[in-house]
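See below for the structure under consideration.
A, B, C, D, E and F are the chain letters, set down in written order, and residue numbers restart from 1 in every chain.
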Amino acid sequence: MTTPATSAPRVDGRTPEQLREVRITRGWLDHAEGSALVEFGRTRVLCAASFTEGVPRWKKGSGSGWVTAEYAMLPRATDSRSQRESVKGKIGGRTHEISRLIGRSLRAVIDLDVLGENTIQLDCDVLQADGGTRTAAITGAYVALADAITWGRRHTSLSATAEVLTDSVSAISVGIVDGRPLLDLEYREDVAADTDMNVVVTGSGGLVEVQGTAEGAPFSRAELTQLLDLAEGGCADLARIQREVLAEQR
Amino acid sequence: MTTPATSAPRVDGRTPEQLREVRITRGWLDHAEGSALVEFGRTRVLCAASFTEGVPRWKKGSGSGWVTAEYAMLPRATDSRSQRESVKGKIGGRTHEISRLIGRSLRAVIDLDVLGENTIQLDCDVLQADGGTRTAAITGAYVALADAITWGRRHTSLSATAEVLTDSVSAISVGIVDGRPLLDLEYREDVAADTDMNVVVTGSGGLVEVQGTAEGAPFSRAELTQLLDLAEGGCADLARIQREVLAEQR
Amino acid sequence: MTTPATSAPRVDGRTPEQLREVRITRGWLDHAEGSALVEFGRTRVLCAASFTEGVPRWKKGSGSGWVTAEYAMLPRATDSRSQRESVKGKIGGRTHEISRLIGRSLRAVIDLDVLGENTIQLDCDVLQADGGTRTAAITGAYVALADAITWGRRHTSLSATAEVLTDSVSAISVGIVDGRPLLDLEYREDVAADTDMNVVVTGSGGLVEVQGTAEGAPFSRAELTQLLDLAEGGCADLARIQREVLAEQR
Amino acid sequence: MTTPATSAPRVDGRTPEQLREVRITRGWLDHAEGSALVEFGRTRVLCAASFTEGVPRWKKGSGSGWVTAEYAMLPRATDSRSQRESVKGKIGGRTHEISRLIGRSLRAVIDLDVLGENTIQLDCDVLQADGGTRTAAITGAYVALADAITWGRRHTSLSATAEVLTDSVSAISVGIVDGRPLLDLEYREDVAADTDMNVVVTGSGGLVEVQGTAEGAPFSRAELTQLLDLAEGGCADLARIQREVLAEQR
Amino acid sequence: MTTPATSAPRVDGRTPEQLREVRITRGWLDHAEGSALVEFGRTRVLCAASFTEGVPRWKKGSGSGWVTAEYAMLPRATDSRSQRESVKGKIGGRTHEISRLIGRSLRAVIDLDVLGENTIQLDCDVLQADGGTRTAAITGAYVALADAITWGRRHTSLSATAEVLTDSVSAISVGIVDGRPLLDLEYREDVAADTDMNVVVTGSGGLVEVQGTAEGAPFSRAELTQLLDLAEGGCADLARIQREVLAEQR
Amino acid sequence: MTTPATSAPRVDGRTPEQLREVRITRGWLDHAEGSALVEFGRTRVLCAASFTEGVPRWKKGSGSGWVTAEYAMLPRATDSRSQRESVKGKIGGRTHEISRLIGRSLRAVIDLDVLGENTIQLDCDVLQADGGTRTAAITGAYVALADAITWGRRHTSLSATAEVLTDSVSAISVGIVDGRPLLDLEYREDVAADTDMNVVVTGSGGLVEVQGTAEGAPFSRAELTQLLDLAEGGCADLARIQREVLAEQR
């Protein structure tokens, strides 16, 4: 590992510990019980939460609810067009992996027993991708989820005072690029990273997921520590943005 | 057929021959060679045009290009969530049918020989559906297509003066609801229609597609004439909007 | 459009408004509740109607029945062999589109409430294709459907006097070839057509479907009128043939 | 095994060693290089042979040809409708098994080196099933194959005198029903059989396939001998019918 | 056919009527109700029997049970790696065919009425293939099945004295290689065989399946007799090994 | 979090930082270029490495090689049978995710440029599952990989002295069960864990993958540290076992 040139600016001029511009537009869709268009710089993900009474067969009679997620990317979200998974007739490994990650992350802040036998399905569709789509998706999906619960409290048998959410949750990517730990990688940084990590953190600072991968050389415990520090800072910012967005009257 | 109560207002207050508010946002995507977010009222379709040099194998060596389209709907575009076709592992008949219609409609105004051995792929993804998604898709896809051709003239071997487009093209739905011919049906009108027709018209008024279907009772030649008159008017308006949008400097 | 050379004979010697030889063989199958081998010239479609008591889940308890259709082509129906859709593992867009068209066309002349909670499934398999397979399929499927209803009246709880059919239905293709409107295109004419239209008409002359497509240049309202006139004449002939065939004792 | 009541008539009045009425209509299709509609009683199979120059990739450059077959059943070939394999999206085990059997049986009488780098694809589609569909398919496919070779000798680089076929081939089912060995089982006999065997025999009496299955109790060597005797007799009759059909001028 | 050089040793030194070394390891798996790792020389098949109470829907209420089997091969069981069927997304014809054969063979020695409404599913996974995988699978699956029934008698409502098995069953391959009938072909012999036959025989010597295929020239009745003699001898040996293995205390 | 009762024995009597009995049987398969049967207690995974000259199309001409992996589980590897993915027709998310993890882990210790245009495919098939199948798979796959490289040095154009491997790699699971960090969870511990982490470490102690998931409550940085300490210890033991196994003469 070469000595990090910590003073050099990043490709888009940010400091190492700086998020891209984050924008969360609540209620972007008219039909969904909760929805948010989340933007991390040029990455744009449309998150829709569908609240339905009842649960999948394997949970029937349990008295407990279910929250699940599906992630997908529009074919021209990326720089060169990729084939639709519906046309291929099967879902790729990456799509599966991210869908499962989003679902687990949201379930970490949901009390399924309080939700009762209701299901909330999150759909996170990447309209434009520029790195960090899964972390943007988790961050936006939380907002859509919160609105869907509010909807459920008003329109279903879910109690109006049910504390379904135990905390908030957001996610950010971190990585080591040219020997330097960076927060919230955009695409050009992502492909250049030696180590790439996605971290999911609750509003109160608990770790939900830590997924670090050495793309090139293995990484050390010291580097892991630096990356986690960066990620915790980024998620604290995201949690604040989520709070502000959800505090707006609608 | 009962006597049409022509003076009654429509569900959203429009007159029978009035379009919903139509908005076309050019260049909604950063990566695509051409793109447009098209809105017909609450119906929103994201159209992306991908320009690639080369043609599918069956056209190689022909000297002629190819334009094709894929249509899809996000799972929560509609009032109740529908399953993803990628998850089902196959594309439904309706999706296939509309994709083919969009492709044919665009090819009607393209000179594939002038395009040369280049391919333009249109992706029309319905972000929100409220009736008329296929007609909005055709109308928006034309704008994305025009921009992709402009891009090709600047960045590929396509001649900078090549007249690839022979005309513009737009589409509108018409139908008979409660015995009254109406233009540009929104969803609630669509489900109530006895006859439903989609008409694709060029900027100079030529018919490209006429697809009329009796949902309930068969329709007469006289009704067909009324519907075509309405559709021609609507498409003339759409053609004007397309011209205005494409005239803007970018 | 060049002036039509209306006096020139067609490739097979027919006049512009003349059908190919149409033959409908009722009861071609021993097991099916209704069946017909329909021939429009060299186009041969085997239509089987399967009557089953009960309806799909989404209609249960509605008191109303269901009629649906599947269209398919044998691999060597055409001049060069095409791959089986079962081998490809998926059904193509064209197959889907035609299956849906046949189903809609038949439902236009069925009173599903009178049918009660019974289902009739039409299978239209093209044994040999020479243009007009979808129109032959609709025309033959009507005969199979009528026989299946007769069977149902004799062997099920369906009332022996139930007027399930409200009318008959047939279909024909029309097109503009070398500037001349022609009825019932055979394959060689079909590929040469500038405009291609399929029209579905009831026995009493109501329009059920009008699907016109500009294959080359757009078409005008005047041409559309000519094509509809031709189609109405052709369907009147087909309706008469259907009546004669169904009048035969079996 | 109870003593066979050899004098009792079969369900359709045949003697134990009697074939059903066998009819082979050559050239039933206009496009295929060879075709035959073969009928064993009510079982009807349409066999099409497609001759194409060239071979699959894995045989390229070998100087040798290829013959393969696909078997399928129309959904309403049987007494109750079965779902299409194209709709299911996959081919069932029985279909695969029979397709492979037909291909192997035909290759047993073909000299692939003399065929040269040409491919003949057989499609055997069961239009109506009443037992013995695979044996009818093999018997009819041989006729279609012979005609496709004749076509190849006239229209391709295949030598006009090439002896591609080394023998003829036919097939028949035999089984033990109520303790009595029977030839050419129709459906009602087939379901009642304790042992069921399909035998493929060349024109000169060589065995190509012997597939015997105990449906109920195991069978003895003595029973196997009886069944093979019956089958050899039946295939000798079929070989004679094939010769007669192929001797007709066309 | 050339005169068989009956005195020449086989590739691995065996005599024509000699089995490879056969080893059956009972209870190779900890979870399965019955299991056996069966080895015929280098061919190794892991057979697992899963006993579940209840039957598939189509047998519910019949009072009778079900036994079925699935066969599969690990990708590197063979000399060169083959693609996984799960990755291809479909099961090949050979896999289907063998799965069906194993299921039929086991059902031939099961009294499904005595089994009652219970299901036993056999999974036969080829860990290493060197010819004769299907015959090893049947032979090993019988042992796993027997143990699963013993388990069922101890742990389910199945009567502790229920005689579910009516006999034992085993299978062996035979073939004619260089004009000489050989027992239990290993892979190198299998590819060189002119005729290849798999024979399934009960412990008391009844025939369950006889599947003979001419790979090259057709075979005669005399050859068939020789092959059956060899197979009956081999299966008698296998039945003895099965008895010994099952007699061991566990 | 309750105070950990660190003195209580684990379900199988191990100490918190103790591995299960680990056994690696090299060369379990006769055909594969490298293979190992790896056992972590009752978890048994068969790892096969297939060495082929050439690379996938997207790497052709790069001068660099490729290593990839596929993971799968036999249907009865687990306590209750699961359906085959080949029968379902698609690969599940978990399978995809683990296959990708194994491939990435092995590529972290391979110098693909030294490997040259050769491909090594790892197949990791779980014969029996009792927790930790993915970590056992990585650990065993490394041994199979090392043997396949040795094979390549002897039998292909790969240089006999090529240092393709830059390090060894192994993996272990760790988790917090009842508030206590434990190494190498068996299945019963795995389902009871609040936090579950898989760690992939090189022989020289570098981190390749860290995947921690809160199954119940979020985890703290302090807990993460404890888990990583445990995992590093476990992987050091595994690296030693790998070295010993690979040091044996074969």
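We adopt the following convention: a residue touches a chain if its C-beta (ideal position, glycine included) is under 8 Å from a C-beta of that chain, and two chains touch if they have at least 3 such contacts.
Treat the numbers as computed from the prediction; the structure is a model and nothing was measured.
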Legend entry - Lowest number of touching-chain links that must be crossed from chain B to chain E: 3
Inset, instruction - Identify which chain pair among E-F, A-F or A-B reproduces the interface of D-E, meaning that over half of its contact pairs, matched by residue number, are the same. - result: A-F
Legend entry - Separation of chain C from chain E, taking each centre as the mean of its C-alpha atoms, in whole Å: 51
Inset, instruction - Would you kindly tell me how far, in whole Å, the mean C-alpha position of chain D lies from that of chain A? - result: 60
Inset, instruction - Averaged over CA atoms, how far is the centre of chain C from the centre of chain D? Could you give it in whole Å? - result: 33
Inset, instruction - Mark out which residues of chain E touch at least two other chains, giving numbers and ranges. - result: 89-91
Inset, instruction - With chain B as the start and chain C right after it, run through the chains round the ring. - result: B, C, D, E, F, A
Inset, instruction - Report the residues of chain C in contact with chain B in the complex, numbered from low to high. - result: 90-94, 96-97, 99-100, 104, 108, 167, 197, 201-202, 206-214, 217-221, 224, 228
Legend entry - Footprint of chain B on chain A - complex, ascending: 29-32, 35, 42, 46, 48, 50, 52, 70, 72, 74-81, 84-91, 95, 121, 123, 125, 127-128, 130
